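You will see chain A twice below: alongside chain B first, and alongside chain C after that.
Up next, the complex of A and B:
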């Protein structure tokens, strides 16, 4: 009897795994021309020497790393530093503003209010990027009624630093709902009774909150931050419009290589580098957070 | 006593940050809505002195925007169709399977979310040109399928995680072929996740700009690309009118998403990944 069951089980097992193969086939067929192929072509292009006036790298020439080595030039490093620095500012601001909202939705809001706030967050996330950028430039731009808000940050509205603030606002408007939504599930997973216990033992509210709920949500905060950061550093359109040429991200550099000067080999090299950085940040840090979290539990 | 002050200070900060976040989110949107009814032909000081529907009329009668809207609808619905069908099957296989390389495959299928969209746009453009595809439409559809694919995989996986595999196995032991079991058991059970994924995919595709900037051609451009070009040329208020239309569509979509899948479920299951 036992034998019969095992053999039936293993038979259905192989059948099921064959089905799995069939189910995965379309995706693999899809990813070949849509992701693997394009990335391979970019890698190939990035190793070709660039010839001015010609669209695309020189065919048949010897492969070169020149397109990569020239990126070590301080002029290029500057783009990378700006991208990473502004991304970090936006991510930190998104966590600072997003955490209280997420906490409020999970712990304090009535079901009705919680639902309204969640709907608003998803609405804010779904809102067209173009609409967002336009709305922000109309509200905080030079003609907007909130132009002078920049004084709160010690920035003269007429100075170039103002455009950086606009880029930060533009990115924050998207990253804030992203971070808040991610944090909701984190806070949902923390047992509220732990905080109650601290309170009943005489801890002040702020201390119960910071030393229990906040500390326990640190892994969630980090992963929400990583997701937000990955979004920030790969953005093209926000710096393109709100940065007005003063603030340029690596994405803008790639786009200019393509649209303005048609230096495809260099654009491809920057693309490959940027992709490796994004993948490393995302999967590397995520894994780190996950491992630390696992250790803490054991 | 000092405990009470510290708590009062703490709660002021807490509610202050919440108020700040809500203001920050709402102010630009309110301004855009108000400006869409501005009658002035230039961008003047806020608030407008004269009101009209002229910018709505301009949007509704402009061939330039119509062309963009038409392309956007074709590209987004085609891309959503592909990524929903294939993405759902992929998620089912990943959820079912206990095979070697499963984690790697899952990372691969999610990776278009992490790879900068500029890189995807540039890559697809160069790949398509080497294949001899120079038309905007097929290129746009290619790019949009790959960027929407991860959303469907994620939401379907999230819907499947709570599901016991025994349903599928019960169907098999009752004599169903794996495909029958899949079609009659697994797919209906994952339905909400698949539909939520389709809505996410459509929204993200319809809103996408970076990939479309690379893949559009002078005659085939999506609506966001058309709007972006207008915005770079001159800040004209047609975009404010479009914004209001977009906001209304967004509200309808959120309502649909809530009816179909339940918003708290989507948030609770973490569309953007979470730590387990």
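Up next, the complex of A and C:
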């Protein structure tokens, strides 16, 4: 897993690190103009005072934190909470559904069935996001044949909660194959004889699975979760179309700030704040992955 | 002697392939039995059937008097050492060894003491806190052995236990493994394709071929008295002379007419004049002499030829002789110094009637 191997080589010799430094140069050359530069501009914009009717913050005015402090208002906090909460629900659902699928493909399915399932998972990812969103909207929407499916989750199809369910379905449609494909390689890397060994040592099947395969999959599950969560909380189109104004993510808020009311400083401030929160979450999760991995491979 | 394991006509097919086809043998308490055969002969399937990872299509697997053929692996008291050791990489050595004890009901307080004891028994004390990845191949093998031994299983199953180690270490560990197993008094089945490993470790060898048992015997008898052509070819090297028994010769011997010339064999029951038989002679029973066939003693066979190839192995020297009819005869002798025989020189292969192993000629048995 790309996320899981970051700890390697941190204590290499000085010569090796000098070589590594040289090898990093092309990446730095790309990073400066594409990532650091625009972010610096965004940060600068977020600290400028907003003037109604003007495109962009006031030039030459004194820098201010006003754009940030106003975000403490419950009306704004609610966007952040919705984004992270729904993202979490979708990611957990994708792991709970994706793990058995991946496990079945690796351990139980015949070679041709495994190929068929992997091909359909990858095929799902190739489908345009906008196409699936409208397909889901038509199938599960008020006029769709599956409108009443929401009762299975205890949700009245006419209630606002139904809209949230639609957003969850919409995100899950992409996140589930993403997570399942990531987990396939995780489970493939676990020697099936380890579970046999556990059985021969007296562990019942469920115990052999949980204490060996499942525990050894944890770093992979976390990696898959990070990928899925990153997709969810940065999504704009799914809540825009399926959320119908009831469910809106931070991305939608940023989009409205920039495009519809042209409050550039506020849009920039929300972007920076969102970025900081996301980075904190990912940093924490990645430390968790690294600790889990380091334990076994050190 | 009590019987720990009794396999009765075990059968197992995968699709159209009969992997195990009517296999029966038993293992007595404290005995070490080797399941030997080429790859694909069904020995690994037999092991997986005994361990419970597969269920037989037919036959009985009786352990300590109870048929366990349909039981789950964790319901049988069988200890397994896998070819790749299968140590749990996310657990320390101590946790690996404790795993079986926890599930087999060893009181928690006794686990550390038993762990230290079993590690001492496999000559690997003090590694409790290490991770499997920090151990060498030989050390991992000992941990795998300790993990299986510590639960005191009725039967130990070792799958190609030494095949992942380099040649020097393999020989060293083979002696040690034998010592550990006999000290613990473990009843053991070792699955291997390596005849040396089987000969060096086992009290008895079950030789398998194409899902069936060819022969069950002690290593000595398997080598000295192979019952089938496959046995003779699989264990050690063989020279073959096929022909028709001609009748009585001198001093209780008979003559066989073969394409390489007449061969003297001991006169034993079961073969009469006119029978087609195959004579097997081991290379170390063949000495090379000068090309003079006149000095052949009664009961002795000499086949003339030219030296075709010479292989120097250090302690042994191997010479291939090409006979007049184009057949090759291999001889192997201790190397005691001096120059090696020159390729192209005339010589004769010489052996006694007592050195011949007699089998029915091919095609008659099937």
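Rule of thumb we're sticking to: the second predicted complex is superposed on the first by the 254 of 298 C-alpha atoms of A that agree within 3 Å, B and C clash if a C-alpha of one lies under 4 Å from a C-alpha of the other, contacts with A are read in each partner's own complex, and residues count from 1 in each chain.
Everything that follows uses one rule, which is that a residue touches a chain if its C-beta (ideal position, glycine included) is under 8 Å from a C-beta of that chain, and two chains touch if they have at least 3 such contacts.
Keep in mind the model is a prediction, meaning the values are calculated, not measured.
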| item | value |
| --- | --- |
| Touched partner set for A:278, first chain B, second chain C, both or neither | first |
| Which superposed partner A:204 touches (first chain B, second chain C, both, neither) | both |
| Which superposed partner A:39 touches (first chain B, second chain C, both, neither) | first |
| First (chain B), second (chain C), both or neither touched by A:161 | neither |
| Partner chain(s) touched by A:193 [first = chain B, second = chain C, both, neither] | second |
| Which partner, chain B or chain C, touches more chain A residues | B |
| Touched partner set for A:216, first chain B, second chain C, both or neither | second |
| Residues of chain A at both interfaces, chain B in one complex, chain C in the other | 204-205, 207 |
| Residue numbers on chain A that touch chain C, as the complex places them | 191, 193-194, 196-205, 207-208, 211-212, 215-216, 295-298 |
| Chain A-touching residues of chain B, taken from the complex the two chains share | 3, 6-7, 9-11, 14-15, 17-18, 20-22, 24-25, 27-29, 31-32, 35, 43-47, 82, 85-87, 89-90, 92-94, 96-97, 99, 105, 107-109, 111-112, 114-120, 122-127, 130-131, 142-143, 145-146, 149, 169, 172-173, 178-179, 182, 203, 206-207, 209-210, 213-214, 224, 227-228, 231-232, 235, 239-240, 242-243, 246-247, 250-251, 253-254, 257-258, 263-264, 266-275 |
| List of chain A residues in touch with chain B within their complex | 8, 12, 15-21, 23-24, 26-27, 30-31, 33-35, 37-39, 41-42, 45, 96-98, 100-101, 103-104, 114-115, 118-124, 126-140, 143-146, 169, 172-173, 176-178, 180-182, 184-186, 188, 204-207, 209, 219-220, 223, 227, 230, 233-237, 241, 251, 254-255, 258-259, 264, 267-268, 271-272, 274-275, 278-279, 282-283, 286, 289-290, 293 |
| Complex contacts: residues of chain C adjacent to chain A | 51-53, 72-74, 78-80, 82, 84, 86-90, 99-100, 103-104, 131, 133, 147-148, 151 |
